[in-house]
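Okay, so chain A shows up in both of these, paired with chain B first and chain C after.
Right after this comes the complex of A and B.
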């Protein structure tokens, strides 16, 4: 009876998940094996053409490693920038903690479209940075800050930084402060404590933050399309292009699944490599 | 073995004084307990000795060497925390090896010393377990071994048994005490539990409000407390406020109990004033037939607690708590006589609020 009641509690969530995640995935899977057709989204019959087309045409195939690399780079920079922030907030006094917390979360209050446009204003060829440098006579031709990997990674790092900081913070804050004191009493210096105690103990947070940022980064659409200006081709952009502009539903579905499976493999390998036997 | 000396130690947080001048000498191999209610400064004292708190004034000396301003990592201390503070990502053996690695001990020696330390706390079969897979008592033993394996100058324990259940706590008391005697390390133990302090220590240091109230052997703190507050904090105490009737030539003081009986208090004969406050521990009072007692009373409440019986007795001298053997067949409402042992009555200054110390 008790068991039944517990199931009852998760029933709404299960229904939502089934309707809006599992069912669409199944539909996408079925769609990816349909035959393409002219003048309509898909035709009759079974075909693996969508999959073979992706790997045969380098225009598409190359987008997969490019997307995964973009995601990894964004994850790396988020970790690099986010860890010191999280560490700082975790050790800040109660008075400051709330304010710092608010600052970290504030980007989430502004829509992603607005934030991405903000970056184009800063990074564009006649944007704030380039025009200032030109007015100062430091450069004559604008620096390529946008429409390339640099700009996209920069903007993605900014957009997803809170998703790295929050899990890190919860992991660091749940750490018993006596652990660091114990290490000190045993003769460890600050850097050693960080390297051998603080960082390894915060691994659950590092893992969660990295997976979160990676998954969000590779599937993001708005930022790469605005800041990359369709010159940085991620698989996600190509999927939308195939589905909406070219009206090729089977091909778009196949690409979406290839990206999902590839990302799943990357996440699994990462989780395996950072496995914590102690946790 | 190391001698620890605290000299006029003061610690302020802003303008609030946490320690108001602590002076204490701890001898070679001595087991000292800092005992007091929360906020009395016992933990702050320990943190100052460990170096986690900067002292405001005074000095801390290990073997006459001033270490007041050394960093904790350079003080050569072993510390055990209330939360155990084991490194969760390291096995038992790795936890023990950490301090030795910091001291750049050779690999083979680390292995040997870790083995010996695990043997000492009977955890050898658990060498490759992670802390999460150990019980509270086992975790505390790992913490103890981790602090001792580096052979520190002194051992500091901050309420190490507070998180354990009662039965395990009793076992660990004996375990820590035996281990400390075997290793012979100078030990400072912080606790708010008076039983713990008394059963384990060579000397108990009672602290109130950032000051040492009394530092003495457990028997002396219990039987001869320096103040009424100590008497009440350490164990249960009946305080009798009696008029002094005479000061006989042979020493001692004679007081008169309500009902007319004279009590001859032998201890501390030269007490000034007209009244005397006397402490009588519940188990030092005997219950007899009404006609044999020095003071008459009626049993108001009776609690059976296994090994003994606790009574609350209404008398003309307030309510008096008595602990008696279970063999006495007394019921609530019975009239009884109370018998005091004059040699064990302890006169004390009146330190209640508003009274002169």
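Right after this comes the complex of A and C.
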């Protein structure tokens, strides 16, 4: 009876998740196999036309490796920038930790549209960086900072950096400082301590952070469209275009699922590689 | 201090600047007196804030977003708190499954969840009418944040205090109201603030499920930015940054000390 009563606590949430997460995802899977139609989202019957169309037309097919590469580059730069920051916060004094933590979290509290907009102000042809360089006489023509992969990767790195730092921080904070002290008293150099103790201990955080940033980066829409100005075509942009603007639901769903499965494979390979190396 | 740590410190400072620069630049741009986003700014003024206050589209979008965030948060507040209580107190061996399940909306790509909801509501014949799909999406996006925060405040507290109260004759309801609720109050309130901000700022769900009629602020801002380059968008952004900051500071003053 007690157990039965406890189920009432979870029942509404379970129903919500089943109805509005599980069932809708099944709907996407079914939708990707529906037949296309003109003038309406989908037609009668089933087909695998959505999947073959994606690989047949190079305009779409080429976006997949480009999107995955974009995600990997963003993940790499987030790790490169995020690791020293996480280490810094984990070892900072109590007084500083709160402030630094606040700086890292602050971008999360500002909407993604506003953050991407900030980058367009910085990177535009008459933006802050180009204007300053021109006024200083360093350049005569604006540098191409926006509407290309460079700008999109830069902005994505900024947008998702907190998602790298947070898991890193939690794994670094779980480390017992006595281990590093012991290694130091036995004569280990700082670099050796980092290579042999700190980094292996933080490996779960590295894994979690990389996977999170990669998935978020390849499925982001706002940043590539504002900073990339529709000139950087990611698969996610093409999915939205097919679904919302062209009204081709089966094709859009097939594309979304191809991206999701490809991302899943990348994540699995990554998890496999990092595990083999460190355990 | 040797050369290596000097380099490392410089690098760290640069990353902190990198994190804050795009936000700072939006706030500075909103004070530009010129007609366009030029640098250096042509003098300082608040004129774009007045333009914004005269623009019904943005004012309505802010009010609409606030209403949506408040209603979605109040539903996920109840559901998320119940789920957290179940997870900590009753889940037992299924705990990991419950956690993954409730965090699903956070783990799955938001834009894919939005598309899935669009198809689902279309298939059951509701579509994006009456904003039901939009509201459901916002409840899903905010639920994990309530769950995570209430969990944190329940961690390390077993049910023994409630059990003691029950043994001394308190009814189930009284035990909840007098013991459990005060215990989880900091987590519930922090979670509510988090959830409100997430709903206020979320893009993917609102973009796909907005339907016709009024749209939340991030959508209006995005649509505006595609074709306009005046500092008005910066003024709108600054107002939304200030609103968020205000919420965080107020909640910290009200509840921060107790955690």
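Simple rule for what comes next: the second predicted complex is superposed on the first by the 260 of 279 C-alpha atoms of A that agree within 3 Å, B and C clash if a C-alpha of one lies under 4 Å from a C-alpha of the other, contacts with A are read in each partner's own complex, and residues count from 1 in each chain.
Methods note: a contact is a pair of C-beta atoms (placed from the backbone, for glycine too) under 8 Å apart; a residue touches a chain by one contact, two chains touch by 3 or more.
Keep in mind that this is a model prediction, so the values were computed, not measured.
> Applying the touch criterion given at the start, work out whether A:6 contacts chain B, chain C, both or neither, answering first, second, both or neither.
A:6 sits against chain C, while chain B stays out of touch.
> Is A:153 in contact with chain B, with chain C, with both, or with neither (first, second, both, neither)?
In the superposition, A:153 contacts neither chain B nor chain C.
> Identify the partner contact of A:84: answer first if only chain B is touched, second if only chain C is, both if each is, neither if none is.
Only chain C is touched by A:84; chain B is not.
> Does chain A have more residues touched by chain B or by chain C?
C
> Quick one: classify A:164 as touching chain B (first), chain C (second), both or neither.
neither
> Quick check for you: in the superposed arrangement, does A:238 touch first (chain B), second (chain C), both or neither?
neither
> Answer with first, second, both or neither: which of chain B and chain C does A:72 touch in the superposed model?
It touches nothing on chain B or chain C.
> Hey, what residues of chain A end up touching chain B and chain C alike?
none
> If you look only at chain B, which of its residues touch chain A in the complex?
50, 52, 71-75, 77-79, 81-83, 85-90, 98-99, 102-103, 130-132, 143, 146-147, 150, 156
> Would you tell me which residues of chain A are touching chain B in their complex?
176, 178-179, 181-189, 192, 196-197, 200-201, 203, 276-279
> Which residues of chain C touch chain A once you look at their complex with the stated criterion?
Per the stated touch rule, the residues are 8, 11-12, 15-16, 18-23, 25-26, 29, 37-40, 79-80, 82-83, 85-87, 89-91, 98, 101-102, 104-105, 108-113, 115-120, 122-123, 136, 139-140, 143, 197, 200-201, 203-204, 207-208, 217-218, 221-222, 225-226, 233-234, 237, 240-241, 244-245, 248.
> Of all residues in chain A, which touch chain C in the complex?
The touching residues are 3, 6-10, 12-14, 16-17, 20-21, 23-25, 27-28, 31, 41, 81, 84-85, 88, 100, 103-104, 106-107, 109-115, 117-122, 124, 126-128, 131-132, 135, 155, 158, 161, 215-216, 219-222, 226, 236, 239-240, 243-244, 249, 252-253, 256, 260.
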